[in-house]
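Look at the two complexes coming up: chain A is in both, with chain B in one and chain C in the other.
On to the complex of A and B.
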């Protein structure tokens, strides 16, 4: 265990635990766009910057991305100085120019007093903030179907050679993790479309609700030792079935008791 | 364009078959073919156990890699501040009209590729033109075309 000071309060944390998690556990709201529990932190969105210093730094201080800075003994962390708020506001100003269509970004900007971006909005902007959440989650799932292609202004997230990614299984993890909701997908007539590909959907044998794509189900069965009939019925129907079984048990118990 | 798969595999096999060899392997392929053929990227991914998406990501990130076939002779015109002042623009005009290709393009006979770079770090030699890694300093615009086309 290490002992740190966060906004004047003495806090204990596990050594090496990233600052952002410790800060949030204290109920302090530090914004972050690229951070997600399911993936490794990458520090790309720059919103979680905090100020750190130490007793022996003689007043010297620096800004670090709290999602990537491990806890250490004697650290003095400040999360909301006027300078930090200014930095976050500037970053959001840039994001607002890049993501005119993202409600989240525009709302966050408003929280920092920005009614509109002071930069020129990118007309062909795709609302992507290049946080790599999608590529990171794809890697976690063991597919790595998509990646960042090219660099600088020309950078986009895409499959290899700009084609529909052959390794995609239509799991939608990328679409769900995306903070600005830019990854387009649709389910229609038992078929899911994403990244320019289409996937057959498995429907619940009882209620007909969409469960998962066939490719994703096969992948999970193969890699994660999931029973072959696991995706035959949906979670809701499984619950109903379980409730029926449990209800039956209760009735039986009552009969035995009487 | 048909690709020499045996040659590609031979180049890949020269390096340790680990993800860490990725850039070294791509550099070797680039050196041999002057570009990274699609098939080479696929073979590299399979041999080094790196996802194809990552191989593609790396090969599009670095300017040293090209995914388009390039000419036998790669001509780089420096357009850094010193070269620019010393008339790199005129050299570029001469070469563009002489070779019939714009910067970033390759001549149809696959002989020449013209590129513009921002600084080569040898400003004392300005204006500089590099032909296949050989640096030519003090290039005169009226002799530039002859310089890059002579054997």
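On to the complex of A and C.
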């Protein structure tokens, strides 16, 4: 365990635990757009910047992204100085120019007193904030089907060479993790479409509801040692069946008791 | 032949020296990139041909030698005749016959090809007396221009790998680290981190594998010193890396070179092969327990891959994006192993330090920035090329005494040091001593030693816009302040150039620049606003002239200037022939007329007019 000071309060944390988690545990709201519990931190949004210093730094301080900075003994952390708020405001200002249609960004901007961006709106801008959450979750799943391609301002999330990603299995993890809901997908007539590709959906053998793409099911069976018949029936029907079994058990128990 | 002991190395050296010094009279032709581009290979072949035909007593075909870059690129192709050191400039294929007849056979000088001293107007025959060379002190570039980079025997003859021999047999790894620490050597890549301290940290980390990487991804526009070192003296880089491997305990090294340096890649590969063949790389180097090999990793030319963490990702085969370096790469670098990463020039300097001692090196330069530094002189300067000078020398000495000052009688305006992430320093700062800390204090930085000199026809706002554009296209795009911020800063800068910006815009730019500086993930973003901030610091009046008066004092920004032809026009038709939009009309020997409505303000007429008859207002 290490001991640190956060906004004047002494707190304890596990050594190496990232600052952002410790800060949030104190009930302090530090914004972050690219942070997600399911993926490794990457420090791209810069919203979670905090000021750190130490007794022996003689007044010297620096800004670090709290999502990536490991807790260490004696650290003095400040989360909401006027300078930090100014940086966060300016970053949101830049986001608003890039993603004029994003409700999330618009709402966050308003919290910092921004009604419209101070900068030139990017004509080709979309609601993607390039937080890498989608590429990181895809990597966690072991597919890395999509990645950030090109450089700088032209950077986009894409399959290899701009083509539909051959390694995609249509699992929707990217779409679900996206904070600005920018990844388009649809399920229609037993087929799922995403990233310019289509996938067959498996239907529940009992109720007929679609469950999962065939590619994703095969991948899970192979990599996660899931039983071969696991995706024959949907979760809802499994629950119903379980309830029926449980009910039977209860009845049996009653009979035994009486 | 495998050299497996110091004794064998020294024996081999004697043979190499004998061959190297066998011919007293030598014709040395520079085949560095600058001279090569001006046709020096043809000159070299012509010398071989002519010398073979003429049968001169003391000059044979073997006496015609090629070397890497001599540094004085502005005057290439360069030819030096030893042992007199006769220095011929701008030698063409057609000059060769004359040189052979007059100088090689007749021992006469050819005035036309000699260097003319800009100050005295006198011809200088001996290259050691030319101010460009006389004022230099070469450590990192010590062999550039004297040896054939493709011959390991040349390097051995000049004392090569002696430092390695000394380190391996007479010093412990800790003593090597102590020596480098004591020398005060600071990283030549730009940040100036203490090399010895870096090595010491890496050596202390518990790990079975450690890596040594050489950063040859020199990407600053106007910097070309690492290219020269890699292409003209590759073995000194290898030797420095092997010494480092011994000091920190590494078995594998990588040289990261940009693909745009094809000559350097070829030369380095040849050098690695030769070193391996002679037992200087690979298993049991020089018969000792050290085993170390080097691979070349070719980069795709991304500026950001010069940043250490991005470079390591690129070497590992991933996308070259930086990571936050809260855990430093000496502790967790390539493949999460402790990694020492140094610049080309740093490694090339190491053998000299080991051989001649830390005290010798520390005695050169200033107290906090020891030794020498290579600078690439480019832009509006007479002597374009490479110079190596002791730290602490003033900008004035580099630019005016060695560099020959600004050409065409123009006035010096500013010097950009440290590449796009550096800054522009005005004339008032020209007497500053050049060292790591002074340049940083002045709002610029040492960087990789690029110096772009600008004259009074330069618009500083346009310069800022240019460098920002470079950074916008080279930003990796991972973090927001750099990706979006630099883009918006460039757009605002362009607005100033177009005369459409307000003072509020300028305030917004300053606010944004601060956020990019403190908010960006890596050094590229953090130093990204420097071109804007340093020009604003020293040339705020130029920004205000664009904003308040809608005028461009440098006469560059197209939307704020008009061209016209004055009475000085002699009717030479030169401008008519270069105007791309046919905006100039007139007859021979009669004053030409420029149609302002048609004029595209490209400046072609201004550049071509010899009578200063084109006026910008």
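Just so it is clear, the second predicted complex is superposed on the first by the 258 of 258 C-alpha atoms of A that agree within 3 Å, B and C clash if a C-alpha of one lies under 4 Å from a C-alpha of the other, contacts with A are read in each partner's own complex, and residues count from 1 in each chain.
FYI, a contact is a pair of C-beta atoms (placed from the backbone, for glycine too) under 8 Å apart; a residue touches a chain by one contact, two chains touch by 3 or more.
If you're wondering where the values come from, they're calculated on a predicted model, not measured in any experiment.
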> Should the superposition on chain A be reported as showing a clash between chain B and chain C, or a fit?
Replying inline: clash
> Of the partners chain B and chain C, which touch A:150 in the superposed model: first, second, both, neither?
Replying inline: both
>> Applying the document's definition of touching, compare chain B and chain C: which contacts more of chain A?
In response: C
>> Just checking: does A:160 make contact with chain B only, chain C only, both, or neither of them? Give me first, second, both or neither.
In response: first
>> In the overlaid three-chain picture, which partner chain does A:179 touch, first (chain B) or second (chain C), both, or neither?
In response: neither
>> Quick one: is A:118 in contact with chain B, with chain C, with both, or with neither? Answer first, second, both or neither.
In response: second
>> Which partner chains sit in contact with A:94 here, chain B, chain C, both or neither? Use first/second/both/neither.
In response: second
>> Applying the document's definition of touch, where does A:109 land relative to chain B and chain C: first, second, both, or neither?
In response: neither
>> Taking the superposition on A as described, I'd like to know which of chain B and chain C A:170 touches: first, second, both or neither.
In response: neither
> After superposition on the shared chain, which partner residues are touched by A:68: those of chain B (first), chain C (second), both, or neither?
Replying inline: second
> Where does chain C run into chain B after the fit on chain A, at 75-83, 201-209 or 219-227?
Replying inline: 219-227
>> Considering only the contact definition stated at the top, list the common interface residues of chain A for chain B and chain C.
In response: 147-148, 150-151
> Tell me, which parts of chain C touch chain A in their complex?
Replying inline: 302, 304, 319, 321, 323-324, 326-327, 472-488, 491, 508, 511-512, 515, 518-521
> Tell me, which parts of chain A touch chain C in their complex?
Replying inline: 42-46, 49, 63-65, 68-70, 83, 86-87, 90-91, 94-95, 97-98, 118-120, 122, 129-130, 132, 147-148, 150-155
> Which bits of chain A are touching chain B when the two form their complex?
Replying inline: 135, 139, 143-151, 159-161, 165-167
> Touching chain A in the complex: which residues of chain B?
Replying inline: 38, 41, 51-57, 60-61
